[in-house]
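Below, each structure is written out as structure tokens.
Across the two complexes that follow, chain A remains constant while its partner is chain B and subsequently chain C.
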Partner chain A sequence: MASEGDRRPDLEVEARRSRLLGGLSLEAEGARGVAIALISTAVFLTVVIVAISQSPGWPEVHRVFFSWDDIRSTFPDIARAFVLNVKIFLVCEVFILVFALVIAVLRSLPGPVFFPLRALAIIYTDLARGIPTILVIALLGFGAPALQLQGVPTSRVFWAGVGLVLIYSGYVAEVYRAGIESVHPSQDAAARSLGLSRFQALRFVILPQAVRRVIPPLLNDFIGLQKDTALVGTLGVIDAFNQAQIDANSTFTFGSYLAAAVLFVAITIPLARFTDVLIARDRRRRQASGVFA
Partner chain B sequence: MSALALEGVRKSFGANEVLRGIDLALEEEEVVCLIGASGSGKSTLLRCVNLLEPLDAGRIVLHGEEITRRGVDVNRVRQRIGIVFQAFNLFPHMTVLRNVMLGPREALKLSRDEAEARALELLGRFGLADRRDEYPDRLSGGQQQRVAIVRALAMRPELILLDEVTSALDPELVGEVLSVIRELAEGGMTMLIATHEMGFARDVASRVCFLDAGRILEEGPPDQIFAHPKEPRTRQFLERIVQAGRL
Partner chain C sequence: MRKAAAAALALLVVALAAACGSAEKSSSPSGTTTTSSSCAKDSLNLVSTDKLTIGTDNPAFPPWYGGSPGHGWKVSDPYSGKGYESAVAYALAKELGFAKGEVTWKFTPFNNSFAPGKKAFDFDINQISFTPDRAKVVDFSDSYYDVAQSVVVNKGTPIASVTTVAGLEPYELGAQLGTTSYQLIQNEIKPSKKPSVFPSNAGAVQALKNKQIDGLVVDLPTAFYVTAVQVPNSKVLGQFPAEPGGEHFGLVFQKGNSLVACVNKALGTLRSNGTLKQLDQQWLAKATGAPILK
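Our next item is the complex of A and B:
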């Protein structure tokens, strides 16, 4: 009985740790655990590989999707085109972070005076999250240049970027809002009681705490945005996706798509792991301090 | 002229009338303690004085200026009135020093050097100088509350409101906070204190007000209120406190 009671906290710590690392930690298992994991993984992979390569359709699947020659020959072209995806991602992200913050702040303004601004922010986030991204990009990317208005940019990449900013700002604004609402009202009271204005309280007290708390979900949206930059390809702009499509038409295999996928994943997976690390660190810090604030 | 005067102050939350006509005046350097059961309106009264809650009726006058009039600059008023909360409400993302400097820097627009000098002088006076670079969650409750008091003092307020500042503390930490308040009282700070610490109220108050159901039922010097309460309800309240071993 006593030993069971003593062990339980260890188990909890273990369970928590493996949760933190997405279930991949073997730290608590020791050397024997690592050995078991290695052997079990090797057996599992062998079974999977044998089963797949022995299956009747495999040679054809292999030729169409996993043609190493096609992947290798198309990779440089696609990598060059992928630079555009990364550029769109980086530039849009900056605008999204700023624009979404403005919307979130508008939505959290209290009192009847600000009703129209609050309503506007709510309508905006509803629309941005409700309309398919590809639709907005097509609308702006084909529509805006067609207007041929003076001073209006005609670059499709530009308008695709605008579309991504508009859509993603809706999501990111909601993430910010969750952060703002998670800061206890007593923090605002403390700031206002010092004679700070509403804006100063927001700037120095509420937002710094709110943003810190929502960094993991923000990164999650970054990952989604990085993937969605491929939607510019639908406008006929040569990005990684479109280049892969062009290459596929000349090789008659889908190896080029795989090459493009590898490039996207090369950016999104590190982002995902980085997000995990931040979440784990945040949780550790909260447990260490034992303070909810 | 009173430092602070409340005239017929009324405040309801929905159907619940929390303050039912409060008249109260504090003279310069006076320390007034508000006692009474939970829900008797002590905290609401303090929040009203700091304009954190709008009044339903009545007025509040600070050194001759009505602060509840229409169009008053609430930020300016709050700069003149310090408040310390039960749960400290320090800013968890700022060091002790930055917590104390924020008000003087941003509300009073002092230069960084001025604000820092002012903060360090106060932190030193209350034995917190070596904590200046800590974050609040690394401090004991008593230290956090002392920082909160210093943060209020850094604004050089005309008046300080203390809202049950020892209620969230472990018993062994209450003393250090009370001695800070005692020091302020001796230094001539005008204070309005809501408290459950009857011994402290008896000690430090120049006047004690017993709040009951949103009214000041009885007020007078501490000796009179604690030793010879006139109202039966005051007597009842104090008896319960004695039974709980708090007096």
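Our next item is the complex of A and C:
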């Protein structure tokens, strides 16, 4: 933390730029750098394009995967189905944030008394991260309603959502835990010595610092969640991917897959850029506030 | 520096766009174009020489396949010669000059039967309905089975008393992914509740059992298997009136494969000498007599 304060922001920016452009950091070399980057990009693209378009299977691949008519005609249906993916994503995210925090806090409880809770939290995160999401969703979506218990929902979207919350809470709990453990123990000690209870110290001192630090990796997991909403299709619910498969199977072409991919990317790329902005802002903030950030 | 990056990026985008647009090459058929008018066994265009390689999905379900699981296949065994598709395949093989031992079955998931690239089978036989759109990508043989679609429902549920196509409108219906059954739901029934499409037979059957869907639309022979074996206490509600021109299953070939002509010739023989009809009665006889939905 203290070491962060030594670094000068302008050096940071320079270092980042040079990673992008392969070490060209002097302004004097600017024009040459532009030229080299352009030529290099042109050569690279020419090689790639020629290699792909000259391959023997290209006409077929082009027709089957990149048919513009195909992409355009399937897009509206897939976009309508994509609304379901976004809904699942938004609702699950809320539950995951809360549930995972509870697990992370349980796992961080000190002292021998809380051993059973810690053990439960550890077993939970191990299982949640260990079982493939698609299996959990299929087991819940077809298995839970098969019990035919009164009051148990049969909605497949509901059970897919439960599956996603269970699995992703395992990942997110570990992200939270990393944040909690990154807060120096002296913070807790100081809070307790001021007369705050254990819960108050957690609530007002530890968690605010912990959560702020883990926002980028949290968003990372949500980008993953957004993509995994497509697994609801295994239960027969028509989401964007299932709709794309329907279209692919009715024409035996895969243009619809591209249409679906574009929709997912349209959400995940802005999320990724937003993550970058948050990281940058966090870095600036810590540097600005010096040693105690 | 940033300018360089932006310029390079712009170049990349333009070039990619150009690549996508400019690729309207002559779409030459990718199969070898040996114009073999003769269908002698050794002049056939085959994936592996002296063997007839046939694709189908795993598990292979009755009544299309029969026998007990074997050769890596679940539920049924294509090598058994039992079940309609297996029997037709072996009858075709015989007609083309292949002994039973010269037929190899290749596990081919439905999606792989039409994925671009070189096919691993000479033809695929997997209850695949002919449609003009599909025929742009693969070659179909002539019909080896004229199929009717039908609805399976749980007995004693509200949908079980429906007798017309229009009467199905308020219910939640399901179909298997990749079937024309889904198109039928969308185009003919136009249900008010969003239909479901299942990637696997197991999922579709379980959803019907769980009453997560009211009715499952499948081809008629499969419907009888579902009611007899897979979903207890279910029944075939009825079959859909045949469309003009009808729907039929065809064998799937690599686009431009010269083998199609020879297989069609063999199919023609099997049709005219009554073999297809006899196999139909032997394996699919139970699949008749469902009431027609008006």
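Some observations on this one:
In this section, the second predicted complex is superposed on the first by the 242 of 293 C-alpha atoms of A that agree within 3 Å, B and C clash if a C-alpha of one lies under 4 Å from a C-alpha of the other, contacts with A are read in each partner's own complex, and residues count from 1 in each chain.
One rule holds for everything that comes next: a residue touches a chain if its C-beta (ideal position, glycine included) is under 8 Å from a C-beta of that chain, and two chains touch if they have at least 3 such contacts.
Worth saying up front: this structure is predicted, and the values here are computed from it rather than measured.
Once the two complexes are overlaid on the shared chain, A:59 sits against chain C while remaining clear of chain B. Here chain B and chain C are compared by how many residues of chain A each touches, and C touches more. In the superposed model, A:115 lies in contact with neither chain B nor chain C. Of the two partner chains, chain B is the only one touched by A:209; chain C is not. With both structures placed on the common chain, the touch criterion links A:194 to chain B but leaves chain C unconnected.
Shared contact residues of chain A, touching chain B in one structure and chain C in the other, are absent. Within the complex, the chain C residues that touch chain A are 1-5, 7-8, 11-12, 15-16, 18-20, 22-28, 30, 110-111, 114, 116-117, 131, 133-134, 136-138, 174, 177-180, 182-183, 194-199, 203-204, 206-207, 209-213, 255.
Remark: chain A residues 186-187, 189-197, 200, 204-205, 208-209, 212, 289-291, 293 touch chain B in the complex. Residue ranges of chain B in contact with chain A, taken from their complex: 50, 52, 75-83, 85, 87, 89-93, 102-103, 106-108, 137-138, 151-152, 155.
On the chain A side of its complex with chain C, the touching residues are 17, 20-21, 24-25, 30, 33-34, 37-38, 40-42, 45-46, 49, 52-53, 56-66, 68, 138, 142, 145-146, 148, 154-156, 233-238, 242, 245-246, 248-253.
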